[in-house]
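One chain, chain A, links the two complexes that follow: it is found with chain B in the first and with chain C in the second.
Up next is the complex of A and B:
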């Protein structure tokens, strides 16, 4: 009869801290980069230029409709075929960023659309350039508005980073497979990693809330949580 | 006062503004000299607000020319930012930055756009809060202020840039009646200080007390341009007579 025994994994916990750090690092980079992609993508989507609007919409529609796993394969194997060697970690990072960036674009677009025209006019009438206007007036307000929906997506990125295991990136899910293979304690490994992802996602989410409260500590605007 | 020989701050000639086939401003000529308070009245939809928005390039124009301090106002040119920094604009709906405190609203552009030291700007800003009689509200956020208070912060925000021209676009139209007076008092102070002001409003009392010129616009044209007292007591044009009659009745 099968006996659930977490202690059976103990000999394999050595590489675990490294795996956790790798998952955290991959997720954190993907979050930051996809926020940048999302800001640019959203600016394209609301741009006055038809070409930029089309490019933004095409990016979102294509990337949202390809499974992340397929994007990872396309970048890792596809780019290698045309002679561009990208290692596993960076392939996963690019794929995650492109995928999450499409969702970020839509979230930021929603935030941009919520900023009244009068804000742009007030900023312009004070002589702000486009860059100053977005930096000091528009995006600080957008971040406040999208703060809550951003949380869902950020957790989604941490969870999705587990797909990096399919191209051999040393991270938490890869550790789970290996520990299972070597001990035959698959259930224990699945269980342990499930718990680890909950903790990681929560840690990152708490990080989001703390940074947010610190950054947005002042104004009673929008959907602050 | 209106016969001041100084060269005009603002020189508008043959201005035409169209939205598609719809003509909003139909050949407006207007010179404003330093220290002049020009009050623009007229029925809604006659291009009064649009005229102000053209002056600081928030709208592009289809004909004629606008010169501000002898520089052409071109909404798509790089020179527009420098021109806007010298023109303060006060909007009907205040348009304060909701994520910043009242004080930060006033300080943002002088610090970030003009690059002035924050300390100096803060000192100036505190002075401006006294001028608009809001020194006790400097740390409040816009959402915590009444409409009249928000509009006075907006005036302080415009003044903080040391503008050479102040434009008011129906500054009291969105206010509760009891706060209108506070805003008009501040505007009257500015007028008596010798500020150059272009004011779109329906406040005939303000025009009468501090205006040097009153302009009546109708159908995108300037119909009448005279000292306020003369226009109010003895309007020449039939449309002016009808309009003033209808708003003075109430």
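Up next is the complex of A and C:
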């Protein structure tokens, strides 16, 4: 009978905190970059120019329909052959950013479309510049609409960052593979890493709910939902 | 396409077929399991509800790649059985898909307003009749479009089966890449094939959504 024995992993816990930090660092960079990509993408998708709208839509459709793993391979192995050598960490970061950026684009676009046209006109007729219009009228409302899907996507990015292990980036999933390979305690390593990912996801979830409550409490009464 | 790569067209084709097959299988199994978990989610017993929430949250939060390893190596060692890559991949994909499907099922059931439940009960219907005649006919329409999304997501996750040595589309590409030594082109072909498959499915999904949209 198999004996479940977490203690067998104890000699391997040394590199674990570093692995968690590496997962968080990769995810954090991907989240920040993909938010930028998403904002640009969303502005393209609602722009007046047909070419920009098409480019935005094509980007979203292509990246949403290709598995992240294939994107990672394409950047890590594919670009190397064309002469662009990108290391593991940066390949994973670029692939994650491109992938999450497509979903970010859709989230931000949803937020932008939820603002009625009349508010843009009203702000314009108050004499606001384009920048002021977005700063004071559009973004405060958009953030209230998108914080829930944004939270889910952020969890999704942390989860997807596990794929970086495939091209040798040191992070949590890589730790699991190594600890499993060296002790044959695969089930225990799987269990430990599963718990870590669930805790990370729930921490983000709680962060999202707290931020959401804070945002809503600052909103004028009419805007609460 | 360079001739060396084109010579392997049947490998790509077989990869496409296997990817479609395993993700379809996982969607069906995940749908059945997700149905059970979704029904637990609306059960009147708190313990069942909690179990369903924990199940959904866990299998949504654990990365599919980690699940693939857990199923292939973990289960094989823990249960002392020799799981084939196919079996392990099917289990892992089913677990992920079932967590997603349970949410779809729950949303579908909750889309039927509670007034209708009360109306059905006061007409003398039993629990099973309520579902058979009132809830499912309406819930199915709400559930179809997001199920297509789950299928696409499962199909993309099935690429991870390549890591444990199951020869589906991604692994086929990696094998051709190793044989021919041509990376960029082969991987680009794989990406394009995935895009064609998933985009077609999402077009079907949009058509379904339009067909089943109705006013409450």
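General observations
The definition used in the following text is that the second predicted complex is superposed on the first by the 208 of 225 C-alpha atoms of A that agree within 3 Å, B and C clash if a C-alpha of one lies under 4 Å from a C-alpha of the other, contacts with A are read in each partner's own complex, and residues count from 1 in each chain.
Here is the rule we use: a residue touches a chain if its C-beta (ideal position, glycine included) is under 8 Å from a C-beta of that chain, and two chains touch if they have at least 3 such contacts.
From a predicted model like this one, the values you see are computed outputs, not experimental measurements.
Superposition note: with chain A as the common reference, chain B and chain C can be accommodated side by side.
With chain A as the common frame, chain A serves as the apex of an angle whose CA-centre rays point to chain B and chain C; its value is 110 degrees, to a multiple of 10. In the overlay built on the shared chain, the residue A:69 is in contact with chain C alone; chain B does not reach it. In the superposition on chain A, A:179 makes contact with neither chain B nor chain C. In the superposition on chain A, contact of A:118 is made with chain B only, not with chain C.
Counting the residues of chain A that each partner touches, chain B and chain C differ, and the larger count belongs to C. In the superposed model, A:61 lies in contact with chain C only, and not with chain B. In the superposed model, A:132 lies in contact with chain B only, and not with chain C. For the pair chain B and chain C, the minimum alpha-carbon spacing after aligning on chain A is 27 Å. Within chain A, not a single residue is touched by chain B in the first complex and by chain C in the second.
By the touch criterion given at the top, residues 116, 118-119, 121-129, 132, 136-137, 140-141, 144, 216, 218-221 of chain A touch chain B in their complex.
Those residues of chain B lying in contact with chain A across their complex are 56, 58, 81-85, 87-89, 91, 93, 95-101, 108-109, 112-113, 141, 143-144, 157, 161. Those residues of chain A whose C-beta lies close enough to touch chain C in the complex are 2, 4, 61-62, 64-71, 73-74, 77-82, 155, 159-160, 162-163, 165-166, 173, 176-177, 180, 184, 186-187, 189-191, 193-194, 197-198, 200-202. Contact residues on chain C toward chain A in their complex (touch as defined above): 57-58, 60-66, 69-70, 73-80, 152, 156-157, 159-160, 162-163, 170, 173-174, 177, 182-184, 187-188, 190-191, 194-195, 197-199, 202.
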